[in-house]
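Shared chain: subunit A. Partners: subunit B in the first complex, subunit C in the second.
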Partner chain A sequence: MLAFTIRRLLVSIPILILSTFLVFLLVAWGADPLGDFKSKNPPPSAAQIAAREHELGLDQSLPMQYWNWIKGVLHGDFGPSVQGSAFNIGEELGRRTWVTFRLVFCAIIIALILAVIVGVVTAVRQYSVLDYAATLVGFFFLSLPVFWFAILLKIWATNINNDFGTNIKTLGPPGGQWGGIGSWAGFLVLPTITLALSSYATWARFQRASMLDVLNSDYMRLARAKGLSPRRVMVRHGLRTALIPMTTQVTLDVAAIMGGTVITERIFQWQGLGTMFINGIQTQDTNTVLAWLLISATLVIVLNLVADLLYAVLDPRIRLA
Partner chain B sequence: MAENLPPRDVNDEPVGAGRPPVDPNAEFLGDQGQQPGLTIDAVTPGGEDIVTGGRPEGPEGPDHEFTVQARSQWRQVLRRFRQHKLAVISLFVLLLVILFAFVGAPIWHYEPNKFTDDFSVPPSAKHPFGTDSNGADHMAQVMAGTQLSLKIAFFVSIVGTLFGSIYGAVSGYYRGITDTLMMRLVDLVLTIPALAVGALLGKRFGNNWLLLAMVLAGLLWTGSARVVRGQVLSVREKEYVEAARALGASDKRIIFRHIIPNVAGPIIVLFTLLVAAAVLTETALSYLGFGVQFPDISLGSLITSGETAASGGRGWLFYFPGLFIILIALTVNFIGDGLRDALDPTQTKARA
Partner chain C sequence: MGVSRRTLALQTGAVAAAVALSVTACGSSGSSNKSGSGTGSTSGGDKNTVNSASVKQGGKVTWTIEKTVQDWNPLTSNGNTFDYAQVTNGIFPNVYVPQPDYSLKLNADLMDGDPQVTNATADQPQKIVYKIQQNAKWSDGTPLNADDFIYLWQAQNGSNPSVDAASTTGYSQVESVVGSDNGKTVTVTFKKGQPFSDWKSLFTSLLPAHIAKQHGDVAASFTWLDANPPTVSAGPFIIAPGGVSADKSLIKTIRNAQYYGKAANLDEVDFRAITDSAQEPTALANSEVDGIYPQPQLDLVNRVKNIAGVDYHINQGLVFEHIDLNMRNSAFGGPADADQKAPAKVALRQAMFTAFDRQGLVNRTIKQFDDQAKVLNNRMLMPGQPGYQDNVTSSYPEAGDINKAKQLLTSAGYTGVGSALVDPSGKPVPAFSMRYTVGNQLRQDTSNLFAQTMKQLGITVNVTSTDALGKTLTQSDAQHQWDIIVFAWVATPFPNSANQPIYTTAKQGTPMSNYGYYSNADVDKWLADAATNADEKVRESDLNQADAQVTKDAYTLPLYQKPTMIAYKNTLGNVRDNATQIGPTYNIQEWGFKS
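Take a look at the complex of A and B:
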């Protein structure tokens, strides 16, 4: 197990390094941090542009730029921002991570619980009306444009608030004032549903398939044959095994969920990482965009590592390998 | 139950009965066509190609027999597909949507960016989808948006599936260090959210739909690469690949003539699923303002303007484009599901 952990860790590190390099290349290629500056009226002189380039370190070669950036990141400095000197990327990240984390965490938990319940029930009652209905609903969620559905939720919530005097929040808290835990719920409901939906659809199908695999296996027949109660067979032998593949699936989908936060936060106007990323692209603030991509890539790699290790703990067959 | 029998059983008979004398100079592919292992997969377009490919020209006898056989297997796929009612209905609806976008737009007497005197009119006989505040006919806008979104989606899935499949096939075929390196690259691409990179590059390339489609294809090919690699890992151990290698076929030939045709089933399914993924990603980017840009119209950019309209009581500007995105994605997903059942006789519905 220890050897496996070390080996797996050693594989992750070069991937993380390569990932930072890929991210850096993509951003260097896809964004021009001086775009706004150059299109100013009156146009800045060549000397001004050169001075600004020097200020942002853009006059150096690409490998040198990468080296300076990664050196800064390791020291907790994400580099200067074109959104003004008051905009400290590191501080912004710290403040916004918690906002986004809360959203992602709630969405994953809700999607996971729903997916496991629906997946198991539809597998046990395969080909029942319930199974077909759940499959249809799942297909529908898979085909739903998330941003469109989020706007629809906002419209519905406004109507419900008007009709019943409820207080479902359709926008994030102004100025980031979240209030106490009690008031979180109002803010969290709609964004969480939005973010959870598409993951739920994928995971419920996955859980169903994984449960069906288990249900048809020999050891389940054996467990029944030796007279265990149906409940015990289902939970101890069936569900426990069928949950193992889900760990991998969930961590693999974290990248997609991070992408989903960009849309969700934008529509519900949350001041989280996703909004920061969008602002970063709009202002062509390369260092902000880089910081976001770096965080999300690191998260995915770390979670994949965790999933692999968990898998080895949960599935005894892996240990032999 | 009959449809679950592998086609091999159906084909055993003709193989024994009318087997032509083997021409020692004939291409080995021709003879391969008679092996049970391959005839199963003659279901695929590539498979059909193989069967007709290496055969000496001749109107009568064995040649004829094989053409019929390949067709009968296509018929079987068609029959199985037809049993999936939702998939058949979906195919029909999708064709209607395609007709609506590509044939409807030139016929319809309004243009998407041309203003009329009817400002913010709700749906009526004159403007079935209503008009926006500038008086532009919304149905013409939805037609144009559907057209562009479909064009991008099909381009993305053709290029993405093609590249991903070849990539996966090469990786799975060579195994070892090549495989490890190639799959690590896939892992690398997977660490970055496609939507985020799409937004970054779409901001720069969005004004040209072809470039935008290239960017999306560059982000969405990894799924096919992974699946095809897995399939190839098992197919490459099959006897007919071994036979081809023993006959001295080059790697390129084995990959393109033997392996890819035999994993065509999953590739076709991946293709359809990628269409849905591409539509959803492109419209999301266009909604955010990082995709298709004015004067081009996408279903996503229509929703950007429809968002404020909907809260102002002009919901038609919001619901119609959304409805068309759902129609495309949903029908394509159902068709993919139907094809999966139809193309893979060994896969039960349970695993779909």
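Take a look at the complex of A and C:
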């Protein structure tokens, strides 16, 4: 398995380089990082523009710009930003990764717990009223556009606050600080629900299908025939096996949830990676967009690897070599 | 000034003495002041006094900005940003403060009376003597004196290209800045033969020279001040210790206990960044912020209307949209040595502007949420500024006149009017490319309406977006060319020299802001005089003559002023819109909760 892991990691390096290079070209060709600067009136002088281009390395060829960026990244330097002299991309990445990850983490935990419970119960009570109700709710959440649902949640929360004096926030925590426990919940509740519910719907359906597969398998019948308690059969033999594909699915979906945070962070004004990405696009800040992509691509590659490894760990029949 | 951005341009040269103190408030005329659903109160009247109230001491207000604060020096190219200035307005003082009616008011807390101005003569240069209040000081106790004025001049006079100054206008014409009277008197002498009529634009956002000295030479310290939150203040507020959140989305400012002028009413003003304006009304309704200043859109205005306990006002701002023609196009003008006054070319340009229904455009767009929205008929002076007059409708009716336009073309010898236009020499008039900024629906609608109108004249206009307005305006490469373009200028309270780079004859390749390469010797002369003449009435006349000539020459067609919108909790007093580059926090020390 170690050899497999090393091989996969080595393969991921050229993938990362290729993806960052492609994005670099797209951003570099798509917009002028100094477009806003050049549009100022009175217009900056040619010397000022040249100085800014030199400062940002834009006076070099595209391959050279990319090469410099790669070299910098290897030394922990993500390059200068057009967003201001105090905007350090590396520091921003570090801080914002934590902001986004804790949002994603909370959402995943909630979605996962809900999905497993609902998936198992609806599988066990297949075609019951509960199953139909859960299916209906699941499809409802699946069909909800995230941005629309998020805005609805904010309006409801504002009304609840006004009617009951609660303190649910529609903006993210300033500075990424937790504050007190009350503040913690106030900031987190809406974006977490937004992120969690769409994932929950998918995962609950997946867990239900997986559980149904397991419930109808021979070894489950054997376990029951051996006289094991229904609880033991369900949890020890059924759920554990049914969680294997679910684990893989969740691991792979984390990257998609990260993508979902771009919208969620924007709506709830969390200053995380998603907001950083949008700001980078809006300001034609190539280095910021590349830094975001590096984190995102790395995450996808690593989680794919983790999924493969977990699959092997959870299912003894699978051996990686 | 900036192009379709809410950039600050605090030090943009071009301060108009004409606008200055003599302007009369235009009150609610030309503005639509409405009340939010919460109170039903209407704050009408004078723009400078709307929402005036007696307020009590103490309290905290959270104000919305639309960017996280990345730069702290409002005079650098990056720091020269509207939202950043909302924070620093209460920290770095100005000699003159732009008022909501575009007039300029002396900062009496800082200055000991109006500066003494000696106008330039044939032998003597222009000279201005400022007297600083004896008790004016920075919050660390260091006197605010001539050193601070000298530092600003040194950083912005353009002599050191490594200084990242947003503008050198005005300062580059200054020969010397000298302190006397223990630093409390500052004498500014302009270069001989280079007087500056907009001298009141100088010395905005005074920076702490004594702090700058600790951080290298002028260039290095200017950048250092940009990168680091100010630790001292010479204004009514100061950034609280640890008051800048890690993500710079929350800036806490507290009352400056060492302020030498009238102390602020509020204990604390926090600035909260909401980078998506669509989220601002919800935050206001949820009491997470107490005031917002978004670019108004129909649905946003409707949402604000339904928030209880909130007052809002929509005014006509200093940003105005306009359509420009590229005089380098051979149908409009031609190469650098071409005659832009050729009768057939003038007729074509005039016909295009005559035909366009500007009133219809306004009715279909901004009038949907601003019933006071009007067609703009002057490109150099905005309604409410001294000297404003209509220089456009006599040539180009607001509702457009297709028949008159056709007549202009026919009289000039064009054929195929209404079908496929052919010029007097028998050549078909080529199709024109009209560009607008991608994603800007208002400009896309404008372009499409213009193209439809031109079709009625037999002119083909192909509308395409541009992803880089700056590149397109300067036509930096083959993908960024234009024949007709719609974009916005941000007018300033200082029009005398601000208009000069936009309409003065430019050399090929270095258009300054005259992106369409318009050229008229008379306009050059009038604008040069406006930038230097000491007589306010003469300057107004210069600007209007120049504006009328640009109208006659059909280079640009002004469309409308973009509205501004402010909304705040109705418990707040003395909070009001200021559509100039300084923004609503121009009087932050007067804000407070109504008593």
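Just so we're on the same page, the second predicted complex is superposed on the first by the 251 of 321 C-alpha atoms of A that agree within 3 Å, B and C clash if a C-alpha of one lies under 4 Å from a C-alpha of the other, contacts with A are read in each partner's own complex, and residues count from 1 in each chain.
Operating definition for what follows: a contact is a pair of C-beta atoms (placed from the backbone, for glycine too) under 8 Å apart; a residue touches a chain by one contact, two chains touch by 3 or more.
Remember, it's a predicted structure, so these values are computed and weren't measured experimentally.
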Who does A:Q269 touch here: subunit B (first), subunit C (second), both, or neither?
second
Taking the superposition on A as described, I'd like to know which of subunit B and subunit C A:I281 touches: first, second, both or neither.
first
Just checking: does A:P230 make contact with subunit B only, subunit C only, both, or neither of them? Give me first, second, both or neither.
neither
Pick one for A:L34: touches subunit B only (first), subunit C only (second), both, or neither.
second
For A:A209 in the superposed arrangement: first (subunit B), second (subunit C), both or neither?
first
After lining up the shared chain so the two structures overlap, which partner does A:P63 touch, if you call subunit B first and subunit C second: first, second, both or neither?
neither
For A:T158, using the defined touch cut-off, is the partner it touches subunit B, subunit C, both, or neither? Pick first, second, both or neither.
both
Which of subunit B and subunit C A:F87 touches, first, second, both or neither:
second
Residue by residue on subunit A, keep only those touching subunit B in one complex and subunit C in the other, then list them.
30-32, 151, 154-155, 158, 266, 284
State the interface residues of subunit B toward subunit A in the complex, per the touch definition above.
184, 187-197, 199-201, 203-204, 276, 280, 283-284, 287-288, 290, 300, 303, 307, 310-311, 315, 318, 321-322, 325-326, 329-330, 332-334, 337, 349-351
How about subunit C: which of its residues touch subunit A in the complex?
1-5, 7, 9, 12-13, 68, 70-72, 76-80, 161-162, 164, 166-167, 169, 223, 226-228, 245-247, 249-250, 272-276, 279, 282-283, 285-288, 467-471, 473-474, 476, 489-490, 501-502, 510, 512-513
Which subunit A residues qualify as touching subunit B in the complex?
15, 18-19, 22-23, 26-27, 29-32, 126-127, 139-140, 142-148, 151-152, 154-155, 158, 209, 212-213, 252, 255-256, 258-260, 262-263, 266, 277-278, 281-282, 284, 289, 292-293, 296-297, 300-301, 304
Under the touch definition given earlier, write down the residues of subunit A that touch subunit C in their complex.
30-32, 34-48, 51-52, 83-87, 95-96, 99, 151, 154-155, 157-158, 161-162, 168-172, 174-177, 266-269, 271, 275, 279, 284
